[in-house]
């Protein structure tokens, strides 16, 4: 089985094969012969010679999580061909995305407004805290995607700005 | 669905039916309309009107276990027709069964021996403790099922004694 | 003692109070919104009543709804926990009028202490030192800016009704002043329904040190020593400890007496906390009094052996405080970490999601006050604190070692938490030395990011083994039949490659 | 401090020691038999080495095997825990000869205290009162019977090398004497490899009260006050508490001094316990000294704030005892329950099986020292203790309340445990009053059986709901197609009725 894991923008290519009682994992030209005991769902005890790896693995909707040696790693699925599908965003444009799911409590701009770098565009409230969306560059508001009291989800774009 | 549960030699007859979002449980001529949330495998939150039952249910090889209100109940499967299969044992005869799984460390009798009530017949060791099997009545040893160092399982009959 | 108590809260504090009640033989009623259907306080309480709509104002802040439930369930008292309605004098008043005992001080005291300006004036009058600032009634932006300039920079803008960092802004230069005042007012209005703010001098090398007090309804007041809560991010405490590494026996004696005096002067009853700022020269200033059980109360419980939640119930039910000041002593060292669903790499932004795996550390003198269970969903409606991890040991070094061990054995998968960040704080040399001012996080963790960037090979092996064990049989078969060197396969429900 | 410690034990005590080591930065090596493949100590340790055959003599009692592993792994010390090799002077000797520090007293002291007869003689010589009895070398049955008759009945037959109730018999009448001597000898031989027994007077209203001591390698000895361990079944402790409800300040002072004297006289080092019997008139008699950490050490840790396991490591590594007698004080009240896999309805017979569900109680001042994990199999090879439940509170009543709460929230399914039994003990009026002699269980729970005989309707509803949710779809369909009034159906993999 070939598997690719993406972590912090790096792709790790691994193969794993089961032969009788053992698994053979290959990564970076090294083969590890391991025996495995799944103690509870996702709780792994993996023996490599004298060494024992104890880890917990689980999967969410979009990612997998590994707990090992006191640290958590979040790994994303790799879509080899899908890589270039996303339009490369303008520098700073990401700053217009909502950093959190919450409620829009103030919209400071309307279509056609001119804005300067650092101007407050929109205020989002989540978990009783406020988050300000500011203009990442000078420009003209071309579209406002939310109005006050709207629910907004993490990653949704608040407004569109054309650079002047 | 009809289900019979046996607990401490008493059989409880229950029916349960699922209609849309609710379950209807009938026991002892009373119907309970309940809604159910299985929070984790076997962890039940059962709502009956304003009342909430919180319980944990799990199944072993031969029985089911319920944890409720701080108590554990062990429930056995019911075999309605199998009831009379087992030969009814002589009074006291149960005392000849091993109360524990362990190792036979001493056999004090042999076939043909006469024994009196209270005589030690056999010594079993388990978990570093000793258990004595004593004669439950006066009689004659007709069969000895184990010899020293034999492994013995819980419920196995150690010897057979014919009453005189 | 009460027969039945309604707990008007959620999360770990509701669980904490339910346990205290149950041990005292008190029947408990939990309330919960639709976002908390399977929350631990719901499963633990003897009864639980649904509030519906998860919006705070429609659920845990809805006074009429909560009073109605308490009456229907015949609760003789309500414990408000902290946050939500804990310091709302109207709620305390409404409880009392409905003949339900509010577990906390009188509405008048809550009201006085809730108004930070009036509180400071009262303390000044009682001879307790306060920080220079403007606590006046000129609340138009222009006047506030004028007063601010007079105090000088840096200064703090704080919501009069605030707490927990909400409605608080630190202003470093004159140019930020107006915007900060506006934003603090807005946040205060939406959180507390009141937009009065005040301004005060920002101290050098300040530490946040507070004293726990207990006062019964017969005039007996004791303090249970200090907690240092200087380690804060976004002006919210994340690590607390007791005793404070900077405290001297003389200062402790002095501040403890000031705290008791403060409580006595205002006719305080039940558990409360007097917060001070202590500067680099060990000058101390009254900050505010919190008229409730604090988040960090467990470290006082660990060092003094006193159960504060139970004493709250006893005092409210009219029992006398049998603990005497001379019987209370500190022993060893305790620390608390607040475990938040937040991303420290990304400005401590709250995170949401489902708790997929949860394993809490256990061991001697490790206490976890948790508000979550496996499979719970962490919603964006409420404060993102998941739990509190508390450790106790014979001394500060051992306590740090134990906390580090416990953090390394705390498994929360599915939601980003601050655990890794906390571990690095405990690993910081200045922290180890006790150099813990309120600027600590800004000074040492401003641009913090997780240092370990690469995925360790053991994690890769674990993932591969997991996927191999959990891929559906058909998929493995399908895979095996195909060219073993082609990566165009499906693994589990993940697409490992496209192209077919 | 040591770099690497091998823990020559299993279960909760191995876990306890591994945690203490890890907090001190010591690398740990666990050993485990084939019956313990996924036991918690194996999963927690930094390294774990398999011993194979689960028979004790081939695994946790196998000295050459264990020494070899320690050498291969380059461990600088071995912690023996309690039981197994903890009080085996040959093991301590072998460790020392191999250049591995044995964490405990010297082989000579273990040897002296392991011989109960010699130990009593040494104590008598040191002026510590001992119980009348026969501790001589005439070990033929005839002489022993003669000596027994001289002491009178009731009397105790005890294995000289024994402990934990093994090889112990209580003899009420002359007619049982010979049989008891034979059986005690046999059990002692098989457990300890030595069949020497002694006889002693059986006291009226006796309580088992012991003093914890700590002694460093430079002659400093302190005691950490008493534990009462009178609640026993089959002569094994099941509930312990500190302080003892019968203790007076004067008696505590006296017995504490006797314990320290006893330790000093024999040149004791590391942690140890001096056990006394105290009769109804508060006379006390030296019983024996346990040269190891006790099962019940946590209640001392709770009341004194001292971490005994860590001090064992520190002392063994040559550190000085920095704790002074005057710094040690008791605060509040602590209790411990031993959670056993056993059936109290059936003579406390050990039970075996698989832990299907496990949920440990959590809350302030609730400590669970556990040796099991969900899905672990409880085998018949070792002691049936699964875990220890410890609670601390401001006073004895609160401590009992907390324990009752904790027991009610302890879920162990799959193996019969003594939890329900323990709850009833805490509910007993004589226990509440502190009337806790060693005869307590015999007096009040002789013919004990679970009182609640009928299955509550909520349990039935839960079972039915569970079965409905977990029955396989085909089976439900098959059922639905059939006559709904016929009980001849299959539900899940259970046969609910026969006949087809």
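A few comments on the model shown:
Letters are used for the chains, namely A, B, C and D, taken in the order the chains are written, and counting of residues starts over at 1 for each.
Basically, a residue touches a chain if its C-beta (ideal position, glycine included) is under 8 Å from a C-beta of that chain, and two chains touch if they have at least 3 such contacts.
Computed from a predicted structure; not experimentally measured.
In terms of C-beta pairs in contact, the better-connected of the chain pairs B-C and B-D is B-D. Look at the CA centroids: the one farthest from the centroid of chain D belongs to A. Chain geometry summary: the mean Cα position of chain A and that of chain D are 50 Å apart.
Chain centres here are Cα averages; for chain A and chain C they lie 28 Å apart.
Contact residues on chain C toward chain D in their complex (touch as defined above): 16, 19, 22-25, 298, 301, 305-307, 309-310, 331-332, 360, 362-365, 367-370, 392-394, 398, 401-402, 405.
Those residues of chain C lying in contact with chain B across their complex are 37-38, 42-43, 47-49, 373-375. For chain C in complex with chain A, the residues that touch the partner chain are 56, 166, 183, 186-187, 190-191, 234, 346-347, 349-350, 352-354, 356-357, 359, 380-384, 407-409, 411-414, 416-417, 419-420, 423, 452-469, 471, 476, 479, 487, 489, 491-492, 494-499. Touching chain C in their complex are the following residues of chain B: 37, 39-40, 45, 50-52, 54. Residues 1-5, 7-8, 10, 12, 14-16, 18, 23, 25, 27-28, 32, 34, 36, 38, 42, 44, 46, 48, 53, 55-60, 64-75, 77-82, 99-102, 105-106, 123, 125-132 of chain B are the ones touching chain D in the complex.
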